[in-house]
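Heads up, the next two complexes both have subunit A, just with different partners, subunit B and then subunit C.
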Partner chain A sequence: MTYKTDLPVMMPVAPRQPEPFLRLSLWHAVPIAALTIIAASLAFAAADDTRLSPLAVLANWIPLLLQGFVFNLAISVSAMALGTVVGAMLGLGQISPIRLMSSSSWFVTQFFRNAPWLVLLFFAMFLLPFEVSIFGLKIPFPDWFKAILGLSLPVMANVSEIVRGAVRSLPSGQWEAAESLAYTRGQTLWLVILPQCVKRMLPPWMNLYSILTMATVLASIVGVSEVMTLTGRALSAEGGRPELLAPFYGFVLLLFFAYCYPIARFTVHLEKKFAVIT
Partner chain B sequence: MSWTPSDPMVSIRDVHKSFGALKVLNGVSLDVMKGDVICIIGPSGSGKSTLIRCVNALNDIQQGSILVEGQEVNDPNLDKLELRKKVGMVFQQYNLFPHKTALQNVMMAPVRVLKQDKAKAEGTARALLKKVRLEGKEDAFPGELSGGQQQRVAIARSLAMQPDVILFDEVTAALDPETVGEVLQTIKDLAEDGMTCILVTHEMGFAREVADHIYFTDRGVIVEHGPPKTFFDNAQDPRTKEFLSQIL
Partner chain C sequence: MEFIFEWFRVLYDETGINLPFLYDSYDRNRMVNGFLTTIWLSVVCLFFSIIIGVIGAWLQGSAFTWTRRIVNGYIQVFRNTPPLVQLYFFYFAIGTILPKVENDWGGQSPILGSFAWAAISLSFFAGAFNVEIFRSGIEAVPKSTVEAAEALGFSKIQIYKDITLPLAFRVVLPALNNNLVNLVKTTTLAYAIAVPEMLYEANQIWSDNVNVTEMMLFMLLAYFFLVGILVGGMNRWERAMKIPGYG
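Up next, the complex of A and B:
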């Protein structure tokens, strides 16, 4: 005898279609390109003059804008590296059995995690001297260096939480097994706990990196010559033509999208992969 | 006063332990001689697991004394590492290290903790895996092994430290019924080799077969104890009788 039911749990399992890695097709590019061109030409037609078309102007500036974008990436990579190293130490501090250590690491983490990135950047910009002298040796602190320091602060706090969360997410049995085999705390951490945490930390860490990359444009506010600053300068060099705004800023948007979107997709890919293995 | 092998290997005296307001152990005493196999049985929440976790200082106790080869466990200056080299432990959830192969799981502690030569430790580890009948699974990761196989790796991992006594905390409770037998057989082999074992178990048939002595705990005290035959066939206390009637 068979029962008829439409309970979802009784339905045959639908095979899941594997997704293409980028989930993007050429079709997605059409509306974006169309929008840019229409906006540009509408504005151009309205302006009714004989100067170069907006896209031609943009083409002239692209090499410089790309240079600026590479500078953004350099800032993001450096701030990420610095923030990760310091943040990892802070995260380990948070799980330290020494109370003073854990509570102070916790406080520093919470303080910087709950601060606006722009405010931290301003602090780094205007509170750090333009140079320091150590033993008579003058080390200059250029703006870009201060921007890296400023942006690495929130990264540090977030990495600290990622480390703490990953360590806490492991079953306590792993600690107990290692302890009952007479491992010291350090050995337990380095040989048993942290190697298992790396996989868990990778997706949120990459997520953080993409957020940081997008936040590097904040440095334009404090005068670092990154892509947004250069775009602004290019626009004013072209006499502030309003029809240039859409193609120029649209180009910058596309640059960030082209860089960050694959990272986001790769993160999803890793999350799926690690979800199966654990 | 120093410990000699004719003294109890583990001597538990009037141990009290509570988690907050919850009293888990209410004055437990028992002795385990070298080569003894003792089984602790009792209803859930009666403090069995807590008791053996106190023996290797995974849990601390509030009152009383636990001597392991004459070394006081209830001592703030206790060298936990030294204690744990003598006392092995096998868990209900196996707790193998999932990022290491079976062989690495077994040889890691001897190399890192006992500073054994790597080649020597590997030889011992392979022999131990063979002893627990897992030859050919050396390079398998825990996730690729069945529950019973993982638990046998965990037993080999504990043996590799050459402990004087091994604690088994409900080691078959999480296993599929068809793999319980292989793990119990492994423990039985150990018992026959003269390994001192303290087991918390729900496997009554097994307890009857391998134990030298059975302890029945309820609400944090030992209600009754004795050799298996007397215990199972001639229980005196009404609580023991009730428990046995429910379970047998």
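Up next, the complex of A and C:
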């Protein structure tokens, strides 16, 4: 509440408004849409009229592309789940008091953090067998499954660093207080330290998920039929018309933007909410 | 040197561990060229992305609402879309719209090659992160320092060039190094549009020699050491640049 007054008094300080999340203003999509439409119409103006316009062709293919995009999301969710579970264990290994455990976890984390995502994806794609036989039972490894494994490797390393960073960022007084209350190390971790870490880990974890979602298109390079592969196939099915390229790739850009931008906004919102006031 | 190379040939004959980029001079040249291309692409992208970052951060502080909005739109679009799709968009969609030039053999070739498009696309991608990084650095410079410079009669450009940037630079260095490491890792995407960088050359070699396992492990180790050396060097630089009392 604000007051209007001429008196020379200090107004009460307005409480800091947290940024409203999901403030998706429409104009954010305008640059992409404008770019695709202008590029498409420019190129189309030169072509003859007997064929469908680029946007009409795109509209025909949208259901298929959306299916591919859902597949991307499925890959990203599974890779995130797998990477988070393994990464959390690796992160706890990094803060272990056992010297061998912590140094080996540290090495594994650094190794997979320093390698590019694409190289790790190639690694998983080419070095894993296409099927494994356990007790005579043949379990096939389809390429999408290998893609999930390949993408979860860097996720694992990054989650490990997030866990380690969050635990390190807690004041050591928490550990000492728990120790003075006769908690064991395991109890301290589970009952005192980790519950406080969840808040700190959430924003970087969501950031990582957004990066992972954008990395799922890498699977197209190794032949998984996700949205990018389908786009390529749709383009060649239409006879490789050059004026189709901009709308199709623009549409894929738009799909990812529509999915990742709200996540990014929500992450910023959480970061502000959980910010430690110093 | 030849002796060492020959040793790897013997290793192949004896154990079957095939490392042709060490004993075969043709494959060795390909690997070295790929490595140099990766470095060169990283350096070019680093240079342009920093320029984009500095200009963008400066424009974000402008008085015009629309300038700020356009810069923000650029940042959000490039941060929230996959770099690979951006690369395809630049290379295939924009690359085909641009006029073609006649090449030495009388044919038509695109005005910009795959390396140029990779450099442009990755620069814009890394630049979008740099704008945010530089802006946070500029905001970290105390207002009183800027006011003191104003009182001493510095012009707006001079304040930016001589006061704000050198101080902000030290604040942003850790984040900038992080982005640089990311950039080096992202150069592998140029593989998708056939830029002959390290991963692409490795692919050529394993296609010729059918030694995927060895090449894949070598790639992992190569990037591990490349990025490791980079991180180590950057940390040293951060310590050397430190001004007591700031950050």
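The rule is short, and it goes like this: the second predicted complex is superposed on the first by the 246 of 278 C-alpha atoms of A that agree within 3 Å, B and C clash if a C-alpha of one lies under 4 Å from a C-alpha of the other, contacts with A are read in each partner's own complex, and residues count from 1 in each chain.
Going forward, a residue touches a chain if its C-beta (ideal position, glycine included) is under 8 Å from a C-beta of that chain, and two chains touch if they have at least 3 such contacts.
Just so we're clear, the structure is a prediction, and the values are computed from it rather than from any experiment.
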Partners on subunit A (subunit B, subunit C) - clash or fit: fit
Touched partner set for A:F122, first subunit B, second subunit C, both or neither: second
First, second, both or neither for A:F145, with subunit B first and subunit C second: neither
Contacts of A:S210 with subunit B and subunit C, given as first, second, both or neither: second
Which of subunit B and subunit C A:G173 touches, first, second, both or neither: first
Comparing the two partners subunit B and subunit C, which touches a greater set of residues in subunit A: C
Centroid geometry (CA): angle subunit B/subunit A/subunit C, rounded to a multiple of 10 degrees: 100
Touched partner set for A:P195, first subunit B, second subunit C, both or neither: first
Touching partner for A:F256 - first (subunit B), second (subunit C), both, neither: second
Partner chain in contact with A:F266 - subunit B first, subunit C second, else both or neither: neither
Smallest distance from any CA atom of subunit C to any CA atom of subunit B, in Å, after fitting: 24
Interface residues, subunit A side, partner subunit B - complex: 171, 173-174, 176-184, 187, 191-192, 195-196, 277-278
In the complex, subunit C residues that touch subunit A: 69, 73-74, 76-77, 79-86, 88-89, 92-94, 96-97, 181, 185-189, 191-192, 199, 212-213, 216, 219-220, 223-224, 227-228, 231
Residues of subunit B that touch subunit A when the two form their complex: 56, 58, 80-82, 84-85, 87-89, 91, 93, 95-99, 108-109, 112-113, 143, 154, 157-158, 161
Residues of subunit A that touch subunit C when the two form their complex: 27-28, 30-32, 39, 42-43, 110-111, 114-120, 122-123, 126-127, 210, 214-218, 220-221, 228, 242, 245-246, 249-250, 252-253, 256-257, 260-261, 264
